[in-house]
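Have a look at the structure that comes next, please.
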Amino acid sequence: MPKYPTEPLKCWKKAKELREKYYRDYASASEKGGLRWTGGAWSFDAIPAGLGDDVYPITGEPYSASIAFNKPFSMRCLEETEARGWARDLCSYMRNYWGSMYLSEFNLGGKYPKPDFAFQDHICCSHGKWYQVVAEYEDIPYFCIDISVGPYNELDEDRLMFVVNQMHESIDWMEKITGRRYDDEKLIEAVRNDCRSTSTWADICVLNKNIPAPLDEKTMYSLYVFGTLSKHSKEVADFYEELRDEVKDRVERGIAAVGNERCRLMSDTQPPWGFLKVFRYLEEFGALSVGSLYTFGLIGMWEDKPDGSWGPRTTPMELGVPMGTRDQALRVLADWSLSRPEWQHFYDADLKSKMMLRIVKEWKLDGVMLHMNRGCEGLSCGIAENRLAIAEADVPVMTFEGNMGDEREFDLAKTRDRIDAFMETMELERVEE
Amino acid sequence: MTQEYWRWKEYNWHDEKIDPRAGKSISAGCDVGSVSSQAAIMVDGQLYAYSNMRTGSDSPNSAMDAMNWALEDTVLKIEDLHYVVGTGYGRVNVPFAHRAITEIACHARGANFMYGSSVRTILDMGGQDCKAIRCDDRGKVTNFLMNDKCAAGTGRGMEVFADLLQISIEDVGEMSFQVDKEPEPVSSTCVVFAKSEAAGLLRSGWPKNLVLAAYCSAMSHRVFTLLERLGVEKEFAITGGIAKNVGVVHRLEDELGMKSLKSDYDTQIAGALGAALFAKALYEKQQAGK
Amino acid sequence: MFSKFKQWYENRHDYAREWKERTGGKVMGCFCSYAPEEILVAAGWLPSRILGSHEPQDVSEKHIFGMFCPFCRDVLAQGLKGRYNYLDGILMTQACLHLRQSYMSWKMHVPVPFQHYIYMPQKVQTRHAVPYHRSELVKFTKALEEFSGIRVSDDDLDRGMTVVNENRGLMRQVYEYRKEPEAKLTGQEAMWMTVSSMWVDKEEHSSELKRVLEQLPDRAPGRDTGARLMLIGSENDDMPFIELVEKVGATVVVDDHCTGTRYFWNLCEHQDDRITAIAERYIRRPACPVKDWEERTRFGHILELARDFQADGAIIIQQKFCDPHECDMPPLRKFLDEHDIPNLMLEFDATTPLGQFRIRVEAFLEMIGQEDLF
């Protein structure tokens, strides 16, 4: 008998619809005279929002993850990219994306919808280069904002302004290439939504401190994704508030994600998308991943709370920060975004180790499983040091090698063996059904 | 002694109809590869004799053995050769060679001779490496790509497999077609991984020919990706030992959507033949310069 | 003629220790060729680029995941093995993720009195890059002043600029002799020179360059130049490889890599605001691919070098797993093809598989030359 009651999420259907609408909107934007742009999941998507309500992005990472689920198509994409001379060890998201572009096939059917422009930000070395290649191939204009100005705890006016100045520059550029007049009101609204979405997502993650956890990480993957698709949109911000209420309700009623929860873990970096069954496998031992710095902090915005815990960052709206002008809105957006937890380890692995250990403590975890992800140089940056720091803190830690978007670099059987061994060291046996 | 399934037959040949003593140029090439060595002797640009054998423990002796065996039963001695070019992995260690030229250049030149001047793309599947070569109508290399990091797509990889499945290497190709339906290729082309994957398939009850089909298919796909990176232009030809393995060749042709040229010459001597042709050109230049 | 450079190249640690003893100065270990050497020289520090030793090693495996480049792991290994235990400081000028990890781990596991990370712009193509980089360099200068208890004046900075510029200019003069039909020096000699300049006191290095420049015009190379090659790639000071290339009928006459021209090619132009001048020099220098977007500016520079030095072909020396360079690779090769520069791409690990490279290099040379075979 499971220890805890479980039930499916009510807003599951809505999530599915929202996701489908996102890709449909993008694909059909041109028919209605709208604009399509492409860029990264971390792009300042609030900025193009000032061009009008008919401007739709497609963000590369989640799109490529969706390709990775479709193994035969993914394989064709990867091989097409390789046939054009690109190295096989490059970012696997990038290679899937390029492959889809080269083949001119859209993962959701039909031809790959050509974007009108590319708008990216740059913190990982592959970021700026990814859309350089896209812009050259598609022959579209491209702008990329450099955000690699150091960790948030060292942020000062010069560093902030380097980002803000480029944001201003990007708006001038957008007006020029689209011929549209930029609407600051729409920007301000989008920045508010961005702050609301990303803070609310952190709020949802906090609820997972509860035992039993109301969500498991596999489910969270399908939900955090909206923050990577369109964090600036009202739909996403509203959806996250609705989701938060539902998860809160689950906590109050003691609903668990996994009925047999008895071992709480976290992972790290993107999972091997084609093999999420690894997470189901954990459940056979009554183990679950309740999240990771990745699911919490890729999109979620965090801060230290007065009681010393880690919680959602207080929004500029709550603080009454003025946001009436373009410049004020951009400053808010830059400062807000630069505090993103997953942007800190690019300069110092230690900052990430500290956040990870904090999650271990506050989310009451029993162990950590690190995905040594050959597909992502950005999120794997410093991961070996993270492992050492976690082990040094006497937290059980296992690693498994793989690749988020290239199934040729993931070995399911071997990973299962590793999990078995890890469970053994934690003295967990399979749960009798 | 247990049977060595990987072992292929060594042989030599010469053309009784040619009188080498009447020739103006007697040129030779000696291709010392990591797995096999060949020698080819030409008289006025016509193939007169050749040999193909397993490479021994050191290059100079292997070169000597191959050349001596090619000369065996002929009227020639090694001193009669006007000009010799060494090629292959051991090219700089051919004691009787006048010059060393890479097997990449020699295979292109050899293929041009064997298949005619329309050859533009050559795949050389050797013992421990695999080369994709583009050339012009003289057989001069214009571009090439090489995989020598792993045994995937190489003769050695196929030998390992033949041994594992206990099937004579010469039968591998035909047997791989004795299946009702083409299986999914083994997912790994790395020989070590593929071997353990194949062992797993056998344990789970797959018949040998199905496992072979899955491996041949993986291997042809692997070399296909190499060719694709280089770009394939017609006409296309395959040299080296694996050209004799229909299991790989047919699958590769299917994937390329292109037939490979056929030749009456032995595909394994392409390198030695190219070397002998270069030797002829160099000898003639030398004579003219005198 | 180049033996002094070779000696410096081979005995980098002895040199630094001896320099410290002789001058009482401090040594800064620099992780990237973007380090603002003018400021270091102005402050009386010796800039010393940290490079790997090209030996197999297993000490950095647990600190840097194996998907990152062999170079960054080799660099860290030098620190972990204590070979740089004389350093007074380490300096990261924002580079690729690979090299940053060497810095991060070094900082954590190899005690050094002073550490600084300059958050240099990755986007050097925006007009905001120079003022922003200036602000980073000001912070760095202040940190250096505080640590060493000195003040770096405009005069000091002028001296720093002059000393570093002189060294750059002299190396460019030496490069001129590589343009001659019979190159006066080999690629290996040039590499001893450029790489040693990354850790030898600039003034000392410059006086050796002056000595060499006096003798170079009369030098008989004593060897066939053969095919004239350009080397293109990431960090590379792989001496056995250059030696191999130059033994099989070719001479390396020019390069685009960060232990070569990218490091020293352009000068620092004087401006009233010295730090702006220095910032500008590094923002405008021939770009590392990690900073070469949205436009590709590298390729034009490569073509110019190839033409000026009459390169017959190029060998692209690609550091394994180096993402930024890999992101330039197919477009670069296409560009070279379009400009009739035959090119060969080789993937480099910390150690060089000479046999595997030799056949490729020889076949490449046969491809671009050796018409006598037909």
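A, B and C label the chains in the order they appear, each numbered from 1.
Throughout what follows, contacts are C-beta pairs under 8 Å (C-beta built on N, C-alpha and C of every residue); 3 or more make two chains touch, one makes a residue touch a chain.
Since we're looking at a predicted model, the values are computed, not measured.
Participant: Please state whether A-C or A-B has more C-beta contact pairs across its interface.
Facilitator: Answer to which pair has more contacts is A-C.
Participant: Can you tell me which chain is nearest the middle of the complex, judged by mean CA position?
Facilitator: Located nearest the centre of all protein C-alpha atoms is chain C.
Participant: Which chain has its C-alpha centroid farthest away from the centroid of chain B?
Facilitator: A
Participant: How many angstrom between the C-alpha centroids of chain C and chain B?
Facilitator: From the centre of chain B to the centre of chain C is 42 Å.
Participant: Averaging over Cα atoms per chain, report the distance between chain A and chain C in Å.
Facilitator: Result: the chain centres lie 36 Å from each other.
Participant: Let me have the rounded angstrom distance from the C-alpha centre of chain A over to the C-alpha centre of chain B, please.
Facilitator: A distance of 50 Å separates the two centres.
Participant: Quick check on chain A: which residues sit in contact with 2+ other chains?
Facilitator: Chain A, residues with two or more chain partners: 85.
Participant: Can you list the residues of chain C that touch 2 or more other chains?
Facilitator: Residues of chain C never touch two or more of the other chains.
Participant: Inside the complex, what are the residues of chain B that reach chain A?
Facilitator: Per the touch definition, chain B meets chain A at residues 187-188, 225, 228-229.
Participant: Can you tell me which positions in chain A touch chain C when the two form their complex?
Facilitator: 84-87, 89-91, 122, 124-126, 128-130, 132-133, 135-136, 142-146, 148-150, 158-159, 161-162, 165-166, 169, 346-350, 372, 374, 377-378, 380-385, 387-388
Participant: Using the touch definition from the top, list the residues of chain C that touch chain B in their complex.
Facilitator: Residue positions touching the partner: 355-356, 359-360, 362-363, 366-367, 370, 372-374.
Participant: Looking at the complex, which residues from chain A come into contact with chain B?
Facilitator: 79, 82-83, 85, 408
Participant: Hey, which residues of chain C end up touching chain A in the complex?
Facilitator: The contact residues of chain C facing chain A are 61-65, 67-68, 94, 96-98, 100-101, 104-105, 108, 117, 119, 121-123, 126-128, 132, 135-136, 289-290, 293-294, 296, 320-321, 323-324, 326-331, 333.
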